[in-house]
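Consider the two complexes below, in which chain A is the common component and chain B and chain C are the respective partners.
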Partner chain A sequence: MSYVKSLKCRECGRTYPKKPIYVCEWCFGPLEVVYDYKRIKKVLTREKISSREKNLWRYKELLPIDKEPMVGLNSGFTPFFEAKNLSKVLGAKKIFIKDDSVNHPTLSFKDRVVAVALSKAKEFGFKTVACASTGNLANSVSSHSKQAGFNCYVFIPANLEKSKIVSSLIYGVNLIAVDGNYDDVNRLCGEIASKYKWAFVNVNLRPYYAEGSKTYGFEIVEQLGWRVPKHIIVPAASGSLLTKIYKGIKEFKQLGLIKKSDTKFHIAQADGCSPIVSALKQNCDIIKPVKPNTIAKSLAIGNPADGFYVIDIVKKTGGFGEVATDEEIVEGIKLLAETEGIFTETAGGVTVAVCKKLVESKKISKDEEIVICITGNGLKTQEAVENKIGRPIKIKPNIKSFEEEVRVWL
Partner chain B sequence: MVVKIRIPTPLQKLTDGKSEVESSGKTVIQLIDELEKKYSGIKERLCDEKGNIRRFINIFVNEKDIRFLKGQKTKLKNGDEISIIPAIAGG
Partner chain C sequence: MPKKKLVKKIVKLVFPQELIKEPVTFRMAKKYDIMPNVRRAKVTKTIGESILELEGEENNIEKGIRYLKKLGVDVKPIEGDIVD
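What follows is the complex of A and B.
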């Protein structure tokens, strides 16, 4: 049963039928899924959600599918926990981590959006799926496409981390490495998408795809005991994740599943690619695109499509934007590993570093609860840290060598 | 002087179904005015009430985003290729 009424332009409000389309024909604004909340309110309760299996489909009434989910049945419901050691080091009372570095099956939050996008692609009857990606989406589309039986074309910037390339190729998909940055890849895919009748998950399936990110926010609320945190720090590339966590929280409030929705949204970007934070700091209405230059390649989108909406949400909730340099990103990755035992990718390093800055500068009160979004896994971006960590201590296979080379604390 | 413009699907109804048209103009904004003469109605789709290019439209001259050039005042020369592409979500 479907609770989706239509698609609607976020800019001018024109409505469109449920089709694989993504921009308003009139003003080119992005299309957004509109639900029948009155009907959903009648059927969706905390108890009902809690009784379901622990994956993202436990919120299926708030996801844009018309049939039962068909792809990505094990994605979502990742760990959420209090990071006591990290809180102590940063001098904050309570920091929580939402850990999508162990999302199923490809270790990033993209498994959420792809589960939704490919389920929708099945409903629409597509045979071929495709995407433009900074790496994590490529891995997730590649993996899910095989499980679901699609042909698959994945487009990436040629200079991606080796592990993100291997983690797509292993599935035997068509991986196209474009000589350019992500924004070049995106432009090309926009043109390819209008010529080939494929399901481009982040182009013509974008309204559906992006809705999957809401489940990251739904889970935080549910795992926190059906309430919202005071602060949330979200890393941003195009900015879609932040806008969808916000939308999800507002939906829960509208459905009466939570009482308050007063979370302050903070945005974290890399210093070498911070078009949204720059516009925020300069209080500027225009987002000037940039040429990315950062080790955080998963956040290296110089022309962020949802930037305007991110700025709007950060401002109206009373949040801030902050950036992390390459050095701070590496320190952030190491800090999370050494305090909480979690190896996150560069985007996670950005988030941890920005959390540190916001607490130190008192933009976030150390006495208030903070949730940080860890969206990807460090095993995929090992190049970023491999020369900045310790080396193995080499010894011969005997006790003497061990005691000579290793300082043992008894 | 002639430039080539690739027309996105939503606007092809205004260009008699053509996905590629030719026109002229010294700058991007002049080009849009020229297109309007031939394909009435196209300007209000590309520009807002103030005459600025809408914020979710990206225009590329020879694959370069005009916001890295001179925006809508970016100069054009014979043989340039123009793409009009809606903003695309991240991945």
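What follows is the complex of A and C.
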């Protein structure tokens, strides 16, 4: 049973039928899914959600599918826990971590959005799915497409690191390496998306795809005991994740599943790619595109589609935006590993570093609850830290050598 | 001579402060015989943005976009960056 009413333009409010479309014909604004909340309120309760399997589809009434979910049946419901050691080091009373570095099956929050996009692609009857990506999205679309039986095309810049190529190619997809820079790949994929009748997950399926991010917020609320935290720090590339966590929390409030929705949303970007934070700090709601230059490749979106909406949410909830330099990102990754035993990718390093800055600058009170969003796994971006951590201690295969080399710790 | 096929392209233009008061879209349209159709626009003291559809010969649209970029206008797809 479907609870989706229509698609709606986020700019002018015009409505459209449920189709694989993403832009308003009138004002070229982005389209968003609208639900029938009155009907959902009659059927969705905390008890019902809690009784379901622990994956993202436990919130299926608030996801844009018409039939039962078909893809990503093990994605979501990732760990959420109090990070006591990190809290102590940062001087904060209570920091929680929502840990999508162990999301199934490809270790990033992209498994949520791709699960939803590909379930929708099945409903629309697509045979082929596609995406353009330099990392997490490529891995997730590749993996899910095979499990779901789609033909799959993944477009990447030709100079992408070998490790990232392997983690998509292993699934046997059509991996297309475009001999050009980032802008060239973008332009070509835009043309391909409009020419071929494929499900291009973050283009013509974007309104549906993006809804998957709401489940990250739903889970935070549920795992926190059906309430919202005072602060949430979200890393931003296109900005979609932050806008959808916000939308999810508002939906829970509207449905009466939570009493309050007064979370302050803070945005974290890399210093080498911070178009949203820059606009926020300049108190401007027009995003000036930038050329990314950061080790946080998963956040390296210089022309973020949802930047304007992120600024709106951060401002109206009383949040802040902050950036992390490459050095601070590495320190953030190491800090999370050394305190909580979590090896996150560079985006997680940005979030931890920004959390540190916001607490130190008292923009976030150390006495208030903070949730930080860890969205990907460090095993995917080892090159970012490999020369900035310790070295193994080399010894000969005998006790004498061992005791000589490591005696300082004995 | 047969008429060349016209194409449409939707773009987002971001103007730096020094170009806000200049009629750069008009100049581009006139120079390359392109019909711009503005659907949304915003201007502040320091930056301007317009979302528009360009209609013209494909080759001319490419030239027009290059002209704008050379002047310092950011010409971007409205979808934002697709490579994610």
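What we mean here is this: the second predicted complex is superposed on the first by the 394 of 410 C-alpha atoms of A that agree within 3 Å, B and C clash if a C-alpha of one lies under 4 Å from a C-alpha of the other, contacts with A are read in each partner's own complex, and residues count from 1 in each chain.
In the analysis below, contacts are C-beta pairs under 8 Å (C-beta built on N, C-alpha and C of every residue); 3 or more make two chains touch, one makes a residue touch a chain.
Given the structure is predicted, the values throughout are model-derived calculations rather than measurements.
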{"item": "Simultaneous placement of chain C and chain B on chain A, clash or fit", "value": "clash"}
{"item": "Partner chain(s) touched by A:Arg187 [first = chain B, second = chain C, both, neither]", "value": "both"}
{"item": "Partner chain(s) touched by A:Cys27 [first = chain B, second = chain C, both, neither]", "value": "both"}
{"item": "First (chain B), second (chain C), both or neither touched by A:Ser167", "value": "neither"}
{"item": "Partner chain in contact with A:Ala210 - chain B first, chain C second, else both or neither", "value": "first"}
{"item": "Contacts of A:Lys288 with chain B and chain C, given as first, second, both or neither", "value": "both"}
{"item": "Touching partner for A:Thr106 - first (chain B), second (chain C), both, neither", "value": "neither"}
{"item": "Partner chain(s) touched by A:Pro157 [first = chain B, second = chain C, both, neither]", "value": "second"}
{"item": "Contacts on chain A seen with chain B and repeated with chain C across the two complexes", "value": "11, 22-23, 26-29, 131-134, 136-137, 182, 186-187, 189-190, 202-203, 206, 237-238, 286, 288-289, 301, 303-306"}
{"item": "In the complex with chain A, residue positions of chain C that touch it", "value": "10, 14, 16, 39-40, 42, 44, 46-49, 51, 53, 74, 76-84"}
{"item": "Contact footprint of chain C on chain A as seen in their complex", "value": "11, 22-23, 26-29, 131-134, 136-137, 155, 157, 182, 185-187, 189-190, 193, 200, 202-203, 206, 237-238, 282, 284-289, 301-307"}
{"item": "Chain A - residues contacting chain B, complex", "value": "11, 22-30, 110, 131-134, 136-138, 182-184, 186-187, 189-191, 194, 201-203, 206, 209-210, 237-240, 286, 288-289, 291, 301, 303-306, 308"}
{"item": "Sites on chain B touched by chain A in the complex", "value": "6, 8-10, 19, 45, 54-58, 60, 63, 65, 67-68, 83, 85-91"}
